[in-house]
Amino acid sequence: MSNAYVPSPSKILDIIKHTEKEYTFRMEFHGSVKPGQFFEVSIPKYGEAPISVSGIGSDFVDLTIRKVGRVTNEIFEKWIGSSLLMRGPYGNGFDVSLFENGETVVVAGGTGVSPVRGVIDALSRTADAKDKHVIAGFRSPDDILFRKDLERWDGLLDLILTVDGAPEGYQGNVGLVTKYIADLPLKDAASARAVVVGLPPMMKFTIIEFLKKGFQEENIWVSQERKMCCGLGKCGHCRIGSKYVCVDGPVFNYTESKLLID
Amino acid sequence: MGFILSREGFNEIITQLSSKYRIYAPVLKKGEGRFTDTDVVMYDFVSDPGEIEIDRKSDYSFKNVLVPFSQTLFYFAEEAVKEADFPDKDILVFLRACDMHALRRQDAIYLENGAEEDWFYRRVRDRLHFVLIGCPASFEDCFCVSMGTNRVADGYMFSVETAQDGIACDLHDEELAPLFTYQAEAVRTVVPSYAKENDTKVDVPDQVPLSIYKDPLWDEYNSRCIGCGRCTLVCPTCTCYTMEDIYYTDNGRAGERRRVQASCMIDGYSNVAGGGQYRKTKGERMRFKVLHKISDFKAKFGCNMCVGCGRCDMVCPEYISFSNCINKTAAAVRAQAEGKEGEQA
Amino acid sequence: MGRDINVKKLKKNAFRISKVRGETASRIRITGGKISAKSMVKIAEIAEKYGDGTIFITNRQGVELLGIDMGKMDEVNQALQPIIDDMNTNQEERGAGYPASGTRNVVACPGSALCPYACYDTTDFARKMEDMIFPNNLHVKIAFTGCSNDCAKVRMDDFGIIGMTEPQYDMSRCIGCEQCVKYCQKKSVGALRVVNHKIVRDENLCIGCGVCAVYCPTRAWTRSKEHYFRVVLLGRTGKKNPRLAEDFLRWADEESILKIVKNTYAFVEEYIDPQAIEGKEHIGYIVDRVGFEEFMKWALKDVQLNEKAQVASRVYWGGKHYDRSNELI
């Protein structure tokens, strides 16, 4: 038996700044990992935090980190070339193949784009990518993450980029993600699948819209964000009912997640 | 094999066992209670066997031997990680039947939940041996009989309890027979006492419907509970912890990682980076805790988490009774079911 | 024939002069305000039999039985004997009532017998003090309060004794829940802060109230085995210069305090104004006159302060000086 708590150093290959607060760390990693899984990353001056995998390569994983607490004034770019202690991946992650055939809608809000970035990438490469719809919502134009990806996806699948609010003169969509669901051009909502990731109220109201549109409960998937101190099913923080988000999730089918009440 | 010991004989046996074991037992801490000139019974490693308290119920549980309130797991410096040392000696833990049952709950979380065992828990768990403290009478607030945790048949090296003729021991570990025989005042059959009835009785609902989440029964705790978490910190079955890093250098790359016990009743338990928080109200936290103890844990591991030791009821500064809340929950479950039947009829 | 009563003697014997001619009131000492129910019944009986059937609860926790005929004082004194015995009050002659009234009833809050915040047994200390200082004709007021909340309002007395506990911190039991920090901030002085997820106590700022020990869920904070005291000096009400008592000692022990009070009686005897009306002069005015240095010299004579005790080098009092100005600001 090995000590699962002991993290290993992983080299920081690159750091991409998205906003003043959010950065993607490209970390050296060899091993199998799925979108929606997460790593426990030891962030200097902050501590260990669960970070969703936002990108996967043959020798790296992307981890999108939000600056919080004592890390706030740190200049992340300085860290390129050094390493961070991390352990993982943890959690079940998304089974991407579930969404590759037929109509799929991904709704993601803010940092919720991280866990589904790999899913969206896979969808954008499918033959029927035009039947794949992505609604990505951010608080304001300044909070938009993964801009390059969004530009790339825009030509490949049906992307709706929206912000909750914007200064006057903003050219893009303004409005909550929920307002776009009713008008999605779907052939058969009853067989279409949906993935919803974001803050709890956003997920709740988005799912209501999907059900109204005729989606089956078993065709809706969510990813839950909770405090997690271990990723191993021990620390208890992420428990909801009899489920542990870190080991039973974070990805849940809606038939299961609707029974989970905090 | 049963033995009757004088306190001196018992102390001598413990002294001899101390060469092989560290002794972890309830200790009466005189004057160390919360209030002036009050006592408290806490678990501690004892050097003087005379300190071992077998007649009172401990205010805190044995669980801290496995998961201390605060524990350094390892030290890190840049890329190197070094596990914190741990004394290389077996531990003899004195506990009552309810706590023996609680140990199984601790094992469920730390050893069975998730894909991997908890390294730090396993490290200690393998070193534990047990002395069962018999319960000639139930204590106030105990409800072990209702929870079915009032008795254990085995799993201990020997038992101890105060009997009329001395300290009665039921010896299971044959290797210790010469030591006990030498110190014994008398040899007779000893069956560890257990509580056959408690003043407090609870009615645990078989199934708790999801609708109970919205029941108004939780509302009173919004104003009554102060969210201090004492109920969970004395609980022998609560396992939650939080990780903390302490830094030795300004760049935050050398330091130590600790884990400290956490409580779902205390503010901050569910906070996520970015400000999200679940169960803001005390009523929601009470519901979360109570349903874990009597329903959610059972759904996963097949037995109730709560072992009915009643320490939570003893410690609550606001006189909130967990056992009574179980009964209120059961009543609400029944009322809802009857209500539904009524609707159908 | 008119009544021929030695009023000086009457007052010394713990009776009061009433505005109703020929009537008096009996003043009963109840050290620390705590009395057996049995004695309370006796008091009621005396009030019924000799007084007007009413009992006045004094500000200093004693009682006064009103409307007693001056001719019944001897009988009342006889009737008081079981109460005096029960309270273990020092006496000079059995059946003769109280031998003095100058040193006032010793006040105490309920203390650790009841209150979760109290840092010591106030009743016990009050009784020790009473036993040492009574009977005495000098006008001295002493009060005990269990913690820095000062429910007994000891800052209005000559000696105010405030309980303290020295918080003991076991870092290995601390889970960093910060409840101690919150309660110290909200209920006390904010002497605790978080450093590296653990708690650091500002030892100078800490007033030893014990709130941290009351609220710590894991017993990481506990009370010290030793009981400590803050002693505040020479507060007073009155016409000339009412003022609150100011800090004299902190982290002092019981023995030192008893000795200091005893010494103070000697100081008062030495320096009290020989012209003081009825031999009654607040100690504070004596100290104002002869100087704090001289008081200190007397008060601390032969006192072996405990190691932790700290003594103020100077004490400054405030309050309004009506003898200088009666103006509203």
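Labels for the chains are A, B and C, by order of writing; each one numbers its residues from 1.
Going forward, contacts are C-beta pairs under 8 Å (C-beta built on N, C-alpha and C of every residue); 3 or more make two chains touch, one makes a residue touch a chain.
Keep in mind it's a predicted model, so treat the numbers as computed, not measured.
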Most centrally placed chain - per-chain CA mean versus overall CA mean: B
Identity of the chain that, by mean CA position, is farthest from subunit C: A
Most extensive contact between chains (C-beta pair count): A-B
Intercentroid distance (Cα basis), subunit B paired with subunit A, Å: 38
Gap in Å, rounded to a whole number, between the CA centres of subunit C and subunit A: 67
Rounded Å distance, subunit B centre to subunit C centre (Cα mean): 45
Overlap residues in subunit A, where contacts from two or more other chains coincide: none
Residues of subunit B touching at least two other chains: 242, 244, 247, 262
List of subunit B residues in touch with subunit A within their complex: 73-74, 76, 78-79, 81, 83, 109-110, 113-122, 210, 213, 239-245, 247, 251-253, 257, 259, 262, 264, 269-274, 276, 278-279, 284, 288, 291-292, 296-297, 299-300
For the subunit C and subunit B complex, residues of the former touching the latter: 112, 116, 118-121, 146, 163, 165, 171-177, 179, 196-197, 210, 213-220, 222-223, 225, 227
Touching residues (chain side subunit A, partner subunit B) in the complex: 1-7, 9, 42, 44-49, 66, 68, 70, 83, 85, 111, 199-200, 225-227, 229-230, 232-237, 239, 241-242, 244, 246-247, 259, 261-262
List of subunit B residues in touch with subunit C within their complex: 31-32, 34-37, 40, 42, 60, 68-70, 228-230, 233, 242, 244, 246-247, 258, 260-263, 266
